[in-house]
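Quick one: the structure is below, and I'll ask about it shortly.
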Amino acid sequence: MSSNEEAEEDRPLVSYRTLDIAVAIFFLIVAAIVITDSLRLGISWKPNEGPQPGLFPFYIVVAMGIASLVNLAQALPHTPAGEKTATTIPGIKRMAAIFVPAVLFVLATNYIGIYVSAAVYIGAFMVFFGKFPVWQALAVSLGIAIVNFMMFEVWFLVPLPKGPLEAALGY
Amino acid sequence: MIRREVSKAKTIAAALAASACLTSPSWAQSWEPTKPVTLVIPAGTGGGADQMARFIQGVVQKHNLMKQPLIVINKAGGAGAEGFLEMKASASDPHKITITLSNLFTTPLGTGSPFNWKDMKPVAMLALDQFVLWVNSEKPYKTAKDYVDAVKAGTDRQFKMGGTGSKQEDQIVTAAVEQLTDGKKFTYVPYAGGGQVAVQLVGNHVDSTVNNPIEAVGQWRAGQLRPLCIFDAQRSTYTAKVTDKEAWSDIPTCKESGLPVEYQMLRGIFTTKNATPAQVNFYVDLLKKVMATPDWKEFMEKGAFNQTMMTGADYEKWLVSAETLHSDLMKKAGFLATQ
Amino acid sequence: MDELNALFGGFAVALSAYHIMLMVIGITLGVVIGVLPGLGGANGVAILLPLTFSMPPTSAIILLTSIYWGALFGGAITSILFNIPGEPWSVATTFDGHPMAQNGKADEALVGAFTASFVGAIFAVCLITFLAPVVAKFALKFGPAEFFAVQFLTFASFIGMGRGSAFKTVASMCLGFALASVGLDGVTGTLRMTFGQDELLNGFKFLVAVIGLFGIGEILCSMEDGLKFNGATAKLRMDAVIRTWKQLPGMWLTFLRSCIVGCWMGITPGGATPASFMGYGIAKRLSKRGDNFGKGELEGVVAPETAAHAAGTAALLPMLTLGIPGSPTAAVLLGGLLIWGLQPGPLLFVEQPDFVWGLIASMYLGNVVGLIMVLTCVPFFAAILRVPFSIIAPAIVFVCAIGAYTVNNAMFDVWMMLAFGVLGYLFNKLRYPLPPLVLALVLGDQAESSFRQAMLVSQGNVGVFWSNWLCGSIMTLGLVMAFWPMLQALRVKLSSNGAITRAA
């Protein structure tokens, strides 16, 4: 992963050990949820019909749970490999730079439609992170949104989420 | 969710339109869609409902029957519950219509999904789809009676019935037949689609099916399958020869062959609950135009559909009785959701 | 040689300027559809279907199948460039295609993928030409037990080939199975793991998971390393075709294996997606360079692409002769046949020979035209990587969001895509393998249904899987494949034991 020279200036955020433990616990939670519903559905083998609907999910997630416990047990001891930095603070900041706006973009889609929010998302990203001049960002983001609009709504007639702007245009 | 936001504004518009309709009936006749109309298919691609919906879309575009485009989308999740719940959620958007199959009744009963046909506005019954009892032509059964006798003589669950989906029309028909086989049950094997069911029968992986005519007609014409009887009160009205010797009208009714079971599947159109009479009328007119085309007549004949068209009060009456029928059949067969 | 005469008759029908023009239009559209995860072949075919009503059926089907070919070619492009599978069957192409692009060999990967697609398709068309009746009969032998056997074989040929922790592989695969079980259980008609949530009725769709795990996950990884895509700086050279083609003849055995796997899966009908996984898995196990797979090996692009395209083409056979659509696109095509007054089924070859042979001839021509078109565009496709990252990254998120939305027309899936993106990033970091998860997600549901259908048929007797030679031999082959790593280890152990005893 990251070499030592870089690691000195990048402040560590989480170690592999922490991440491994977190993911193993996530698997165990999923296993618990599925087991609950499988038991409701029935996990026995009926004489004339074969397995009940819950049988497969049940044994599958039991296997998953066991594997995750092993993964958890392997992750718990403090080892040199486990203490290595998985993600640094600058790294997570850069990821947040695309991911947080992506979440806002999806949220905004509910209210103003996918095309308008995509135009804003792409344009804003270009200006703030790509340091593009505003007119270029405007041209590119509007261009992408309009091309997609033509393609999906007009040409292929695939309806996507739309907002007040599209409604005003009669779509 | 966005649709719900938009539809709030539309509720007001629709309310205004509705009040306007009450005062001026002539204006009521003249509603037209102002944006593309979405046809929701509560079933997967390739099935009977899907084929009919895409056919209607094709006919509408070919003959230019509507100014706005007709968009077809599949919402098959949860045995069609997804599509119906979408119709229920967009009660005030008259630009949505749906085509039904029997899951209109069976899905809420069988899975407990919270909807009912009364959450939508009935537009028109297009046709009734038939069910035919098929066996492999290599088998010795010539009539429904032969087959039922063989089932009675066999051991319980010896005979395998293939069908589309679980706790849906095919299994309901199977359950109805089982009432008349001296307590001998079929082993019902559910598959994903009607075409696959017909092929499984040709390959002798099941003993019989209750395929719709259009799903098995190819194999019938090739001499691989044999129709034993049709689950309708009368014989089919199509007299043109389908195979070398037989026409659809040559298939006896199941009642004639000593198997008094009748079942037909609704192919109907619904729109959203708050649609005004003007809006419903627009769709009724549109469908009448579709049904007047030669393409439609050919399609009906190919699938041996029972061409019964109903609208308005007649249609609603039919729906009420069909709902009772389904809930009776499913109760008897033990298919009701336990929750 | 009746087939040859009929085929030449077909060429006479298909080889007209008008039909070639239709092919060019269809393939262009198809490539666009294949590139965008939001549009499937089914959309393209459905939209053009009404336009074709005024055409003769042969012209119409040429236009529509050309879209199908285009989509098959196009799916590889985004897989290689951005790690986003445009179509489900190009997931396996990302395993080596994207690393190649990161190494600056995007053009070679693209040429390799296109050529492989072409070879697979032509092989399958030859099969259709000469063996259609025999093959159609063979497909009838597949009941639930046989289907399960094929699905089992797919898993078996892919399992145990991952590097790294076996327990992480198990966890990842089981998660795929668990996700696949959400939604309606087709065998009993009950809802599973939905907990009363309407959004879960549809379950977790393969494409949503894949777009998130691969596409969004990759963007997060790239962002962490800095605002750029690796490999973007590679020089554009125009000799990519010649450079790549020189390497291909050495892989003839991989080509052949993948062709056979693909045709087999297309006819049975397992489908193009499992075929691509199986092609990749077998090549990795049997190829001399198998250890390098996953790091950017051309052979790792060729193997799945050949198999996927062979399967996609062979899948048209059951559609024509049996009336079973092998894919949603094929389902729409099938609807088209009915509207043109053609009844798919056993008699189509007898009653409509002009149509059938025109179609088969157009399969040859369509693929030739398609290959020429996409190969000339390779430098253009590779140049997309040079677009600044700050434009491409949000644009990709946008396109991925459209792709996830259109699967079920639900915003819920877009949120799931983002969640899968985070999961994909974590899995990448912690070396949980993604392919087993994806394979379990695509096949899990079908495999479970087939197994339970088989159990219904046999009244709960597991012996049904060895009840006839076909099913029994596939199952046995599957078991051998599953335990191959162990068998190999055993052999090594035995031989070393032998050496020791000899030494002693």
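Should a chain be cited, it is by its letter among A, B and C, assigned in written order, with residues numbered from 1 in that chain.
Methods note: a residue touches a chain if its C-beta (ideal position, glycine included) is under 8 Å from a C-beta of that chain, and two chains touch if they have at least 3 such contacts.
Please read these numbers as outputs of a predicted model, since none were measured by experiment.
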State which chain is most central when centres are taken as means of Cα atoms. C
Greatest Cα-centroid separation from chain C: which chain? B
May I ask which two chains are joined by the most contacting C-beta pairs? A-C
Intercentroid distance (Cα basis), chain C paired with chain A, Å: 24
On a C-alpha centroid basis, what's the spacing between chain A and chain B, in Å? 39
How many Å are there between the centre of chain B and the centre of chain C, using C-alpha atoms for each centre? 33
Would you pick out the residues of chain B that each touch at least 2 other chains? 1-2, 73, 157, 187
Can you list the chain C residues in contact with two or more other chains? 185, 187-188, 190, 409, 411, 456, 459
Mind pulling the chain A residues that touch 2 or more other chains? 48, 109-110, 157-159, 161
Inside the complex, what are the residues of chain B that reach chain C? 1-2, 45-46, 50-51, 54-55, 57-58, 61-62, 72-73, 75-79, 81-82, 85, 110-113, 157, 160, 165-168, 187-193, 195-196, 198-200, 202-203, 205-206, 214, 217-219, 221-222, 224, 295, 298-299, 302, 335, 337
In their shared complex, at which residues does chain A touch chain C? 16, 19-20, 23, 27, 30-31, 33-34, 37, 41, 45-54, 56-57, 60-61, 63-64, 67-68, 70-71, 74, 86-87, 91-92, 94-95, 97-99, 101-103, 105-106, 109-110, 114, 118, 121-122, 125-126, 129-132, 140, 144, 148, 151-152, 155-161
Chain B touches which residues of chain C in the complex? 42, 46, 49-50, 53-54, 139-144, 183-191, 194, 198, 201-203, 322-325, 328, 330-332, 334-335, 338-339, 341, 343-348, 408-409, 411, 449, 453, 456-457, 459
Footprint of chain A on chain C - complex, ascending: 32, 36, 38-39, 43-44, 47, 165, 167-168, 170-171, 174-175, 177-178, 181, 185, 187-188, 190, 192-193, 195, 216, 219-220, 223-227, 388-391, 393-395, 397-399, 401-402, 405-406, 409, 411, 414-415, 418, 421-422, 425-427, 429-430, 432, 448, 451-452, 454-456, 459-460
The answer for chain B against chain A in the complex is residues 1-3, 5-6, 9, 34-36, 38, 69, 71, 73, 157, 187
